[in-house]
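This report refers to the structure that appears directly beneath it.
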């Protein structure tokens, strides 16, 4: 199945990558996407979203899903 | 009820004036309006900050703003709510975020506006990169509410 | 820092826009602005209310507003504060009171604005007389905050 | 000594009086002003101010003081 992957903020900079497409076997998880893309090159906490909703890394994916990885969010104000 | 991701400068008082003119319902229902505006400071963690870039995840940022707003309106039975959040390049003094709620009584307005700010900071995909004299850095932690 | 007893209609967003233009200090100091606006409702204690007369004790009302404002600014180390309170004849939907505080961090702004509203309701000499279909009555109790 | 007395809101309406001047012996208290002006005609809680500051009824007055009586305040918003 085809999965789109996106990275944001500090994570995007560390990986020097904004988005990519992956081909994975049916039933693959968010964790597998992470292993194939981050390659152990990332330190610190990482959050994941599937189709723009927060998910944990054990979540199984479907063909065409968009998966995003990013650091903890820091919006709002002081 | 409206939430907006804004790439242009934000004038909170102009937004509020215009939004209230468009409000549904009789004006006599609203007894309380609570507003919070967060602005860019020129100082953080001991360093002078000259600029701030706010990155977002376009579709998801909008969804998450809509979601926390809907939850606040339901939980406190609000009459209406407006959230406007800046993205892109900001400078010291620029408003970053406007949260406004309209309710029958003041307790709901105070509680809901504060809750919205805490949710916004912890759940909405937005990331701040500060520009310092000695380069730039991602803000990694929120301040306590 | 300013507190105003106002006999004319109150447009809170216009007041805030003008007041911020006159603010002392560098704009990059303020991280948080919290605003509360109380408005006249058309319904109270089960009755339709068509108008409201707000009586005050001119000199003392002004002193008490100044006093609670000064106490809030000291207690929360606020950057600035504006209070505007209507007196005289009001109609449903009219803003009655505007409380605004500017601070470095959001917690102080949220707490101070809420505290100011509670102080204002319990300590500042202002009295409401409601106009109903069947005559008029003085409001004798505050609602809980 | 001369004392100015003012009434506000419901109290002003009950007493049908807005302000008056009283002549009292030196050292008179707020309570004595109240007794001479309200004449037992008033029900409910009453607050007092001397020269625009809240005081209790035992406070002694000085020549030229302004004393005000009024019901509990109800400003602000719902």
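Some observations on this one:
In this document, chain identifiers A, B, C and D correspond to the written order of the chains, with residue numbering beginning at 1 in each.
As a convention for this text, a contact is a pair of C-beta atoms (placed from the backbone, for glycine too) under 8 Å apart; a residue touches a chain by one contact, two chains touch by 3 or more.
All figures in this text were calculated on a predicted structure; none of them were measured in a lab.
Common neighbours of chain C and chain D, by the contact definition above: B.
Note: centroid distance chain B to chain D, computed from Cα atoms, is 48 Å.
With centres set at the average Cα position, the gap from chain A to chain B is 26 Å.
In chain C, 31-32, 36-39, 41, 104-106, 117, 143 are the positions where the chain touches two or more neighbouring chains simultaneously. Within chain A, the positions touching two or more other chains are listed as 76-78.
Taken chain by chain, the contacts fit none of the simple shapes, being neither an open path, a ring, a star, nor a full set of pairwise contacts.
Which chains touch which is summed up as A-B, A-C, B-C, B-D, C-D.
Residues 31-32, 104-106 of chain B touch chain D in their complex. The residues of chain C lying in touch with chain B in their complex are 11-14, 16-17, 20, 26-43, 92-93, 104-107, 109-110, 113-114, 117, 143-145.
Residues 6, 8-10, 13, 44, 49, 52-54, 68, 70-78 of chain A are the ones that touch chain B when the two sit in their complex.
The residues of chain C lying in touch with chain D in their complex are 36-39, 41, 44, 54-55, 57, 59-60, 63, 85, 96-97, 117, 120-129, 138-143. Chain D makes touch with chain B in their complex at residues 76-78.
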